[in-house]
Amino acid sequence: MLRHPLPTLLTSACLAALLPHAALAADPIKIGVIAEAQAVAGSSIAPAAQLAADEINAKGGVNGRKIEVVVYDNHSSAAESVRAFQRAVNEDKVNAVIASYISEVVLALEPWAARLKTVMITPGAASDVITQNIAKDYEHNKYTFHGYLTSSALAGLVCDAGKDLLVDGSKMKSAVIVSEDAAWTTPLDAGYEQCLPKIGLKVLDHIRFSPDTTDFTPIFNKIEGEKPDVMITGISHVGTQPTVQWKSQQVPIAMFGISSQATNSTFWKDTNGATDGVLYQAVSGPGVAVTAKTLPFVDAFQKKYGNLPSYAGYTAYDDVYIIADAARRAGSTDSDKLVEAMEKTDYVGTIGRVAFKPKGDPNVHGLKTGNGYITGLMLQWQDGKQVNVWPKNLASGKMKFPAFIKVQ
Amino acid sequence: MLAWQILIDGFAIGSLYALGATGFTLIFGVSGVLNLSHGAIMVAAAVAAWALAGLAGAGPWAAALGGIAIGVALATLTYFVTVRPIQRSPRVAEAEKEIFILTATLLWGIIISEAIAYLFTNNAKTVLPIVEGVVGWFGVRTPANEYFTAAVCWIAIGLLWLLVNRTRHGKALLAASMNPRGVTLLGIELSRIHLAVWLIYGVLASVAGILLGMFLGVSSYSVGPLTASAFSIVVLGGLGSVSGSLIAAYVVGYLETATAYLISPAYRTIPALLLLVVVMYLRPQGLFGRR
Amino acid sequence: MLEVEQLTKRFGGLVAVKNLGFSVRGGEILGLIGPNGSGKSTAMRCVMGVDAPTAGAVRFEGRDIAGLPSHKVSRLGVGLVFQHSRPLNRQTVLENIKVALIPDRLGMLLHSAEIDDRARAIAERVGLGAVLDRKPPTLAFADLRRMELAKAIAQHPKLVLVDEPFAGLTATEVAAFSELIAEFRAEGRAVLLVDHNVKSVAALVDRAVAMYLGEKIAEGTAAEVMRDETVRRVYLGGALVRAARDAAPAAHGAPLLEVRDVEVRYGKALAVQGVSLHVREGEFVALVGLNGAGKTTLFNAISGLVRHNGEVRWAGAPLEGLTPAAIARGGIVQCPETRELFGDMTVRENLELGGHRLEPTALAERLDWLFDLFPILRERTGQVARTLSGGEQQMLAIARALMMEPRLLILDEPTLGLAPVILETLSNALHRLRGSTRLTVLLGEQNVTFALPHADRLYVIDHGRLAWEGEPDRFETEAADAYL
Amino acid sequence: MAPPSWLRSRPVVAGLVILALGACVPLVGSGYVLGLLTVAFYTAVFAMAWDLLFGFAGEVNFGPTFLIGLGAYTAGILDARLAPNVSLWLCVLAGAAAAVIGGVVLALPALRVRGPYFGLTTLVAVLMLQNMVVVFADLTGGEIGLSVPDVMSVSATANYWIAFGFMAVSGAILYGLSRSPIGLVLQASGQDPVQAGALGFNVTKHKLFAFVVSAFFSGLAGALMVFYMGTASVGTFVDISVGVQIIVAAVLGGRRTVIGAAIGAVFLIAMGEALRPLGELATLIVSLLALLVVLFFPDGILGMLQGRSRRD
């Protein structure tokens, strides 16, 4: 009978229910990490969180309590993430959850964070809907925090960089917006449409392509026919494919904007170098000391795991500190108190100064951006390396393009 | 100029589809098997080629050959692990073999793609292209790789044609697809024919996968869509009809390309799906299938 | 009750039934007789509505039902007893019978006691009372056939179509089934029996219609039809003529092929029971028997294509464990009744595949020799096999088998579905073949006249058993009357 | 009198044992086990509905997620647009209705063809739906999914009972249907359509009926699950991989038993969860296990349980 999985499960559940759960002072603070181990962006989340926890524990923990990280692989599936979330909260009794870089997953988890009243923060999802949901029903959804930039915020940061690099630096005047046809790009594109004309780039066209596009030639040919100075991109799921065809077709127009996969250190290898010259927005980059904490983190990560963290690695690392900081200030891991303390966060992490937008903002619990807060970077792939070209004070190189690109 | 662009792009992508579908339809024609691990084998070959070039430092040709070797090995394994045991199993009723083989190859495909994701992550990988640069004809700049892809596809299909129509062993294959019993009566072992077909299939699927990897890049996410597109093209052309599949591949390739150019890249795949539904409804045996 | 007029059914280019007409009255049993491929089954399917006729009328109780879907035909009062069907293996016999009693309505969610009672009554009637709660896979073959009959009875049909009622049954079972079918007649229903030959249904039918190549060739009482000259030509091949054999057969010596107590079952049905025969090197042996007697099954057992009990020995060694292809390579080459040509390949390609193990020069010589034997094939070398006429296809099939350089050629029903004119050409070719090589041949034929002139020895097979064995000249006196 | 025959049937006994076990879970299980089983029960309904179509009507539907997705998205969109002016249960019913309508629209062309062609037609339907979700992102939320404001209940136990009751009722109805006269006719139509026609049954009508029933339960289960999950997304309700899981569950549990499909679904989900500590390899191992069962125990888990007693 025991070979049957159900009784086994029941037995284990039974045992679990019998164990005492009263929170002792020396109980560790448990942080659940639900992430995508097979995706490059997601695979750094758990190790980075563990690194932060180890550092905090080495310094004596939080109010005498150690931080414990419990990791769940979600196979990039929303349904599996929901199950993992329930397991984390009900079974493993975690105090907070750091979850995923995929918007679909975070949105599926949001109602569960509300139901199970557990603080959840995403280190990498970009959809504006996450914070909009909080604004819609604050009391209910206040447990969710957006630890990365929303799409509309990203659009603003891309425009900021564009003004300096493209308009002022390269005298560009026109652009075509190219983005994958997806829900996360809707606010991004709206943001682009709004801010590009303001910085002096005329939007000639706006192309959305199907994420399962098997041939980008038609798209590039159409854009080329419109003779823009630059392509402003919004690509995430299909990063490799357009990059490879951009190179093989030698499209003479620069790519500038969001290209999530380009932030991966393996992107050069994955594309066989086709990414040379691609400009992409990021909150961090190798060798870029955004803050005093950035490079020590990268070094420690590389020393421990042998590779470089993905963008979600930086934020996941910060998120552990932010949760620990909030728990210290709240003096408790009670979810409501934790939320209150999290809202008062003012913490300088690896990507900049982190503070959450207050109640009343349409993107409540989203990160504050712009001067004094997070400004982001603009990096460019140059000869196999990710080189930061913006902002000036953090730049380690100058923007330059492969021969096939025509810049005035 | 637009027409020329559509002509070239549709041809390249159609050739790629054609090559992918040819192997799929060949297996169906000769042994009646719909191999739902098709996409996984294509992706495995491409990822193997990428790994050989990127991680082991092999040149583009060596990497491509290595990828083909892996793909052929996997195809053979597919036959021995999933297809043959079910075909020979006395415990599965004849009428149910089809669903069992479908389920088994489906699971096998998932196993392969999970293994790829485990070993190499599910990031899209690009195979080192064998030819680089662009060719400008009639004012249209086209990647040389696109011509290369079309050429390799046609060389592979041509070689297959020569093999099947001009060699003794190949003719036995063709004969087996028309009448397996007749082949047995002539003293030719069907099991060897099936093995040979899976080997040939392995080569075709691997070449298609590697070319796709050079053209666009592949990841374990591509597994499902690749199988589905081969399946659709093959049914559109008529199951088991190689020439039907070839024509259907170009129909789909051109339809997608034309949609992307003339309507919007966001609706790229929809007209082809609609066409498929209409064909299913009006001509269930496919455009060129015989009943 | 049923009137069929000018019924024609075409499948693509093939005309399966041509201008067929017949009628059945209530309380009458009509036999629709014809060899394989004569179109009798197609005619039955057209009546039932399984296939839609291409042209012609099918009138049931005065109403034209041609082209109606089968469930509507069924509801009008036509039932069909299938020869092979796929019963519900997970349900009991009772439930299988109940299926036939359920009305075609979607509201039927509960089993009714009335249906249960009726199903039990029908089961009693056909003799299934003892096995009601067993499941079909555990039933004897005859009981499966009874179940099919029960399903037809359950419909209360006014017209019952029965497909090969006695195939695979033993003599006692045949008698029991005849009685059950006769009961239909007694109840005033019309019955249409479809079978291979007159003999097996002669005792039961009131009238018979014989078909050949899609057309009606005779109609009358069973005795009349049996005496009909055309019918005798089709089955026997006309008056029995025995041609003198030139070469003396090797009457003694070890047998090349030896078949001992071979038994073959198709599921539950015994198709071949305890057959033993042998063929010596250089001999021409004919195995004659009507369609369905078990010739093809026996040949398939020899070629390793069906599982069988008993032993088949070839040149002194058992064939057990060899694949069909290995047996063929070993020298036993079968030219099957279905011909199994590669339809989309040319004549030459078909032949070359037959000679796939020959060296190029040997292949060319062999081709030349065969083209001399079958000159028509030389003219057709580039033509696709599918487009050849029936006779040409048969010659191609034989020629392809000969390309394999067989030691023993098994020739199964070469005359099947061929017009009489072609038979002569074929016969001549066989004669020349015997003259030019010392080939050993095992010929399976229904057409005795075709077989007799060539044969050194003759076996008669009937209902899966050997019924007679001897020299051709003794056949007419000893076995001919019992044959048809 | 002997016990009625349906009580002696092994699937029924297995089903009753599961129900009894299931009713005890809330007494001992944590919220996590309840949550896990809640999803497993909805999946079980998907698999049973699929089995009705395949095991009985003999049609391999590659697109169960077309029906599920229609139900889920219809209910989700209605709720997201109209809440709180519309009752959650009305949305659920609308979802089921949409799935039935979609099922008929799909079945009419699909039932004209057989075998692989039927399979492909249903597969294409899923691909179309997936495209539509992305194209009409304003309405559907696109690839990131759609949040619904209403939930059935926030209590894990209440959700468990709803799912459990729903599964028990659907299972009873579907199983009863499979054993009813209509079930027999369906099975006959699946096994031998020619004979079923000759016995006077309108095969197409019966298959259409099976499709509608299958669609109804798939849609209903999909819609209910939306209000359990709180979101509708392609990856949860529409993606081909979800359909694959359902088919694997049904084949794994034992075809043609309805109840086997439910066992297969619960087994698959429990197994995936039990192997979660293996992280990335979990899916691979579950697939491998499923493949082994398909290869070596063609009658599935229920067949394995019955194995010893099948010598009759």
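As written, the chains take the letters A, B, C and D, and residue 1 is the first residue of each chain.
Quick note on the criterion: contacts are C-beta pairs under 8 Å (C-beta built on N, C-alpha and C of every residue); 3 or more make two chains touch, one makes a residue touch a chain.
Worth saying up front: this structure is predicted, and the values here are computed from it rather than measured.
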Chain labels contacting chain A and also chain D: B
Contact-richer chain pair (by C-beta pairs counted) among A-B and C-D: A-B
Chain separated most widely from chain B, comparing mean CA positions: C
Mean-CA-position distance for chain C and chain A (Å): 73
Approximate Å spacing (C-alpha centroids) for the pair chain A, chain B: 36
Inter-chain centre distance, chain C versus chain D - centres from mean C-alpha coordinates, in Å: 46
Geometric centre distance via CA averages, chain D-chain B, whole Å: 31
Multi-chain contact residues (two or more partners), chain A: 38, 76, 181, 210
Chain B, residues touching no fewer than two other chains: 117-118, 266-267, 269
Residues of chain D touching at least two other chains: 131, 135, 280, 283
Chains grouped in pairs wherever the two touch, ordered by label: A-B, A-D, B-C, B-D, C-D
Sites on chain C touched by chain B in the complex: 86, 303, 305, 323-326, 328-329, 333-336, 338, 340-345, 349, 352-354, 356-357, 400-401, 404
Complex contacts: residues of chain B adjacent to chain D: 34, 82, 85-86, 89, 91-92, 96, 98-100, 102-104, 106-108, 110-111, 114-115, 117-118, 224, 228, 231-232, 235, 239, 266-267, 269-270, 273-274, 276-277, 280-281, 284-285
In the complex, chain D residues that touch chain B: 54, 60, 109-110, 112-113, 115-117, 119-121, 123-124, 127-128, 131, 135, 240-241, 244, 247-248, 251, 255, 280-281, 283-284, 287-288, 290-291, 294-295, 298-299
Chain A partner contacts - residues on chain B that touch it in the complex: 5-6, 9, 12-13, 50, 53-54, 117-118, 121-129, 132-134, 140-143, 145-146, 215-217, 219-220, 225, 256-257, 260-261, 264-269
Of all residues in chain C, those that touch chain D in their complex: 48-50, 69-71, 73-75, 79-80, 82, 85-88, 90-91, 95, 98-100, 102, 104, 106, 108-111, 115, 135, 138, 151, 155
